[in-house]
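Structure record follows, encoded as structure tokens.
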Amino acid sequence: MDNKDIILDVKKLNTSFVSDKKETKIIKDVSFQMKRGKTLAIVGESGCGKSVTVHSIVKLMPRNARVKAEKVQYNALKDGVVTEYSLDKMEAYGKEMRKLRGPEIGMVFQDPMSSLNPVYRVGDQVAEGLIEHEHISKAEAKKRVLDMFKKLGIPDPEQRINDYPHQFSGGMKQRVVIAIAMISNPELLIADEPTTALDVTIQAQIMELMKKLQVEDGKTIILITHNMGLVAEMADEVCVMYMGRVVEFGTLEDIFEHTSHPYTRALLRSVPVLDMEEGEELETIPGITPNPADLKEGCEFADRCSECMERCRKGTIPAYEVSPGHRVRCLKYDKFPEVD
Amino acid sequence: MELTLKEKRSASSSLMKKNIRKFLNNRLAMIGLIFMLILLFMCVFAPLFTSYDAETVDFTAMRAAPSREHIFGTDRLGRDIFARILYGGRVSILVGVVGAFSGSLIGMVLGSIAGYFGGKIDALLVRISELFQTFPQMVLILIMVAVLGQGLENLLIIFSLTGWMTTFRMVRNEFLSLKEETYVKVCEAFGMSKMSIMFGQILPNVMSPVIVATTVNVAGFILQEASLSFLGVGVPTTIPTWGNILNAAKSIDVVTNYWWLWLIPGLVITIFVLAVNFFGDGLRDVLDPKQQ
Amino acid sequence: MRKRSRFIALVLSLALAVGMLAGCSGGGETAAPEGTSAQTEAAGAGETVGGSESTDEVPTLRLASLAGSTSDKIDTSWKNHTLQTTLLFRTLFLADSDLQTVQPDLAESYELSDDGLVYTIKMKDGLKWSDGEDLTAEDVAFSIKANLKAAVTNGIYTTAFMYIEGAQEWKDGADDLSGLTVDGNTITITLTTPYATFIPVLAQFDILPEHVLGDVDPLELHNNAYWTQPVCSGMYMVEEHNAGNYYVMVPNPYYEGEAPKIQRIVNYWVTDMVTTAQAGNLDYYTTNNPEEINQFNAMASMEKIPIDILFYRYFICNMSGVDGNENSVMQDVRVREAILHAIDREALATSLFPDLATVVNSGVLNSDPEYNGVTYEYDPELARQLLEEANFDFSQPLRILYYYSDQVSIDFMDAVAYYLNQIGVQTEITQTSTGTVDMFQTRDYDIAYKGLSAFAVNEWYGEYQSTNNNFMNIFGGDTAFDELINQLNESSDPAVRSETLSALQEMEQEMLYKLPLYTIGHVLYINTDHVQIPDGVEFANPWYRSDIDFENWEIVG
Amino acid sequence: MLKFIVKKLLQMIPMLLLISFIVFVGLQFTGIDPIYYMISPDMAANTDNIEALRELYGFNDPLLVRYFRWLGDLLQGNFGYSIVSGSSIKTVIAQRLPATLELSAFALVLSTIIGITIGIISAIKQNGIIDYIGRVFAVVGQAIPQFFFGISMILIFAIKLGWFPTAGRMSPEGVGFGDRLWHLVLPGVTLTLSMCAVLMRYARNTMLGVLNSDYIKTARSKGIPEWKVYLKHGFRNAMRPVLVILCFRLPMLIGGSVVIEEVFAWPGIGTILTQAVVSGDYPVILVTTLMVAAAMLVASFLVDVLTALLDPRVRIGE
């Protein structure tokens, strides 16, 4: 595969947080490649490092974070020409990075309630990035915002662009957030649990909207979620994370049909299925997510794993490629070739 | 899965251990604690550190500069300043501690009532606390001095009456959220009396921020006592307090010519208050990390 | 639309808030411009007086008053005098520095009948107030009558004027004061019993203008706006008063005596005398505060002139009130004596008031010929022994009250507490801001520290008189002293007087209602770089008016 | 909006009445016999006359009668007289208020600018050098007794260096601007520094809170420059709580400089209040209290209005 197909190439991404002079590793050796025009879902329980991974990639990290990576490369494709950007070498809030945020990479965050600045009109907030990057007049920006609002199905846009965030419902707010992300027409859209905070019906609307964007405009989407139902609906590829590591990576089919890692299996079992009877019990994963600061060596999932062996508790567990593109980090598969 | 009592205990004691470790690691807080304890120890056991007492007048050594005999010099009546600082510290610290504690007590009781019962009584108490809070504190204290009169006991009353608002607000807010918790509902369902739910069940959960606030108030009241004594409306001058020792510095004559009369007691107050504040900040980091 | 309404609201509410603040602050807004306009007025005034462009060029004597709670008026002159009031107001007679011998001032002369009861005082002719109105004997009569009804006045006037025939009736509402008659420019005053210091008292009593104050209720006289810009009889008058900042005094054009050389006097309201002097803005200052004395001594331009005055500091013992309320603690005379022996008065006097204080053992000074040599040596052993003999209850603290707020007094009380502690007596010391009420009404103390700036020794003994309004509440209206006191007040014969004093001294030492400590002198500072005073001026107690030859004071340099 | 303001204003009146009544009654219960404050121990010879004066002033009337008489006088602009000096309180306050306002406004404005600037820079450059200095300064600033700091300033800058006067508001007769400023520097700076610490801490914490919020992340994801993130999105939001605190500091204009006034012999409201308390001059205490209370209510009124104006979420109750 060449750079035209791969939009984002992440190799050995490591992130840690420093607090009280102690460094805690949160993300460990995360590597993946992201195909242009596809949807990648990153799944895992809360606290597994999904959000931190994407935030590390786009460098929107708090001050006490330390990010290291062998390679984080973003390949922009414009008129058939590929431009390579090494995100890992850029300054977090420097000019280069800023040029990418918005026009190339758009972001939608988890909580629409707090993602919008309460004191500005939504129209202005959407237009802000546009004006910044394209240096167009306010009137023109307003037109573009109106178009975007229409496209995202926000009713009565002429009126609503002058409203403040608190005058919007949750779903409408999230549409505004998506508008902010999409207004500069980025190629890569990162959606960090975009529907977690919303009602179920609204969730569906938002996801439909995103699906539409992807299909119609050929956007690449990274979708972070813990909702396996959503994954099944949306994703082309899936990246399962546990305790800062990618434990399984593959196509939707790989993950759902050839589920390999014990954690992925447990995760899938704990997902409510649409035709489930009311009162029917879900399986839960035994134990609790360990505190990243107290982790011992070996497989991070060892303590909760029903198939845990003696050697699971030693050293770092490598990833094995069980089929092309399907990688599993589990010793059960040690007969397959090791990859990094 | 039910946690057994033992497990709970060991969990809480390990939390305690962790907190203590965290505190010990906080260098500023430790320095604060050490200074605080040293000064406190010296004040409480003053006779071990000085052969002088705070009252003995010596007209042969009036306003003597620091020397080997009087390491901090003597005041206008020839009294040893070092001894006066130690003995005065007893009163000053006592005023701070008692004032802060009784203030917190009032704050806790009113906060519990306001937070638990809510409604009109809550609105009223919140309004009153706002009034107390926005009134410039010095003016408020002065008015109360005018009403109650001067004296050590009155000062303590005044301090408790002017120092309850922070605690009140904290306790009330915590109560507002805690009273919706299941365990409170369960207690109510069991027909526990309101008093025992308020003070027995909910209050212990809000103690951490209260302890922190009280510590900070101790420092504040020591400063207030000094200021009031400086203004001449504090503790009667015959009782040595840090403020009363400093009161002598009102005249330009003393400021210019007898630095040890005011600089040393001033520094002692500053150091002690600083130590208490550091200690309080450290406690806050450990007990109440939400607050900044 | 919404934006605009928000903006208007903001402006509106700000305006309202400012308005509220301004309204509540009682015209604070206007005060600042007042200050500036007053300044230009002052400059203008300078022009008219000195004929020069700026006030700086008029040679000016600079005085200062502490801007305590009063800084908008000149303190009523029926209280203690200041240099300022002695220059603005005159009295019938002008005392010499002994305060006893007098020379004519508003009055030309006086005669005293042989029985010592009738004073006939003749006023000078053609006297005028500073507003041009005539100053007559009627003004004198008005002043005396008003003083009897005034709330705020120095006790020496009240005491003396109560000797006038019909004084009590007048106070009780009689139409006139029968003992006082005016005939043209002659005033006749009839006393019920002779009062030896009547003329010296008159030499201190400021005459006030009836045509200005005639309708004012004497009870409220001290509050009257008159005092901001009084109509004067003295050699100066107030030209301009910038409340809280300063007032300017210029020669009174209607003053009939020798015109003063100094053309302009400014009195600043200041917050601290020492810094004012250090900044070179003070030419004349008197004090008995050792701290200030230290600072003034360090100023090269200030010449120090010690003044001997009769200013007692002493303890009064709370015995029993006329209401019968008796304080058991102090009843035994040995307790009272023990306190005197317990305190090293000599050491306190020399350490706290260097060069200022002299120990006394009664109202009679140790240097006076009448002094009988009784001393109360510092002897803690004896003190303790006396207390034990008197079965003193050592478990109860001795309650001590004082009203001075200066640092030296605070130090003094601390030292007293220490001394008493040495003989096993616990103390409970209270500083009161309300000397009068706590000392004479509440009486919640055993001994109280008091000061008396006495006009004469009579005043010291007057406190023992059974009819003394204040002290009868403390000494229970004990009549033991009355006869001797009356004798002292009435007699002007030196031999009788001396005998009486000796007798009083004995009696006082026997009773020990008052525990004498020391007398405190006064120090006067004059900025000799700026002011020259004529030779031979003798200064008296600065709280009284005496001849200091002010006409011949000059501004130099 | 107008309705809202009027309603808030009307609410202030009963509060003021309540405060004045409480203080009035409180002061009556001290057992103060005002008449005896008027006359110093040396001048109280005429006891009968003093009784007459008490009657004249109506001190024997029942409490409520006295309160309403006082209130009535107050409403007519008659603030009464100091019972210690007999000065008209109106005059005294008119003299003293400008001095206090001058000092406090200077300190309030300066401390606001410095405190907020440093606080916000500290938050932006968290753990940077300014943050560090600022935090040390705030901690130490809160631990030094105000008057001790003032005295040290006097010793260093007035006595040793002689740059500024030791005390007072102006040279006698000197009402020029330069002279006043020269006198204002030391007390002003002392008060500023002591007022700064709290504000700095507050501004820093507020800004930190704002910078941690999601909309800042949204703003950054738009690729706008950092200064715009801080100013447009951070500062604007941090300003609201800071402004509220600023409003609540308004009463300090009148009552915040008591100690400093005493240290620098500044002829302001603070010194008369202290004196009044020491000498039990209760009419003065009453009026001063009422002024501070009024300032306080104005402040809370401003807070209500400002919150309504600055935060689109707060809807003005029609």
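Note that the chains take the letters A, B, C and D in the order they are written out, and that residue 1 is the start of every chain.
By our rule, a residue touches a chain if its C-beta (ideal position, glycine included) is under 8 Å from a C-beta of that chain, and two chains touch if they have at least 3 such contacts.
Since the model is a prediction, treat every value here as computed from it, not as a measurement.
Q: Any chance you could name the chains that touch chain A and chain D both?
A: The shared contacts of chain A and chain D amount to nothing, since no chain touches both.
Q: Of all chains present, which has the mean Cα position farthest from that of chain D?
A: A
Q: Need the central chain here, defined by C-alpha centroid distance to the all-chain C-alpha centroid.
A: Answer for the innermost chain: D.
Q: Name the chain pair with more contacting C-beta pairs, choosing from B-D and B-C.
A: Answer by contact count: B-D.
Q: How big is the gap, in whole Å, between where the Cα atoms of chain B centre and where those of chain D centre?
A: Chain B and chain D have C-alpha centres separated by 24 Å.
Q: Could you put a whole-Å number on the gap between the CA centroids of chain B and chain C?
A: 45
Q: Counting only Cα atoms for the centres, state how far chain A is from chain B in Å.
A: A distance of 50 Å separates the two centres.
Q: Just give me the whole-number Å value for how far the CA centre of chain A lies from that of chain C.
A: About 88 Å, centre to centre.
Q: Would you pick out the residues of chain D that each touch at least 2 other chains?
A: Counting only residues that touch two or more other chains, chain D contributes 166-167, 254, 276, 278, 280.
Q: Which residues does chain B have that touch at least 2 chains other than itself?
A: If we look for residues of chain B contacting two or more partner chains, we find 232, 252.
Q: Which chains touch which?
A: So the chains that touch one another pair up as A-D, B-C, B-D, C-D.
Q: What part of chain D is in contact with chain A in the complex they form?
A: 126-127, 212-215, 217-226, 228, 233, 236-237, 240, 310-313
Q: Quick check: in the complex, which residue numbers of chain A touch chain D?
A: 58, 60, 62-63, 93, 97-103, 105-107, 109-111, 114-120, 125, 128-129, 132-133, 164, 166, 177, 180-181, 184
Q: Mind listing the chain C positions that touch chain D in their complex?
A: Those in contact with chain D are residues 5-6, 8-10, 12-14, 16-17, 20-21, 24-28, 30-32, 34-36, 39, 42, 55, 62, 64, 67-73, 79-80, 148-155, 158-159, 171, 217-220, 222-223, 243-246, 266, 268-272, 275-276, 278-279, 281, 403, 405, 433-437, 439-441, 450-453, 469-470.
Q: List the residues on chain D that touch chain B in their complex, please.
A: 15, 19, 23, 26-27, 29-30, 139-140, 142-148, 151-152, 154-155, 159, 166-167, 205, 208, 248, 251-252, 254-256, 258-259, 262, 270, 273-274, 276-278, 280, 282, 285, 288-289, 292-293, 296, 299-300
Q: Residue numbers of chain C touching chain B in their complex, please.
A: 272, 274-275, 291, 294-295, 347-348, 350-351, 405, 407, 410-411, 413-415, 417-419, 421, 427, 429-431
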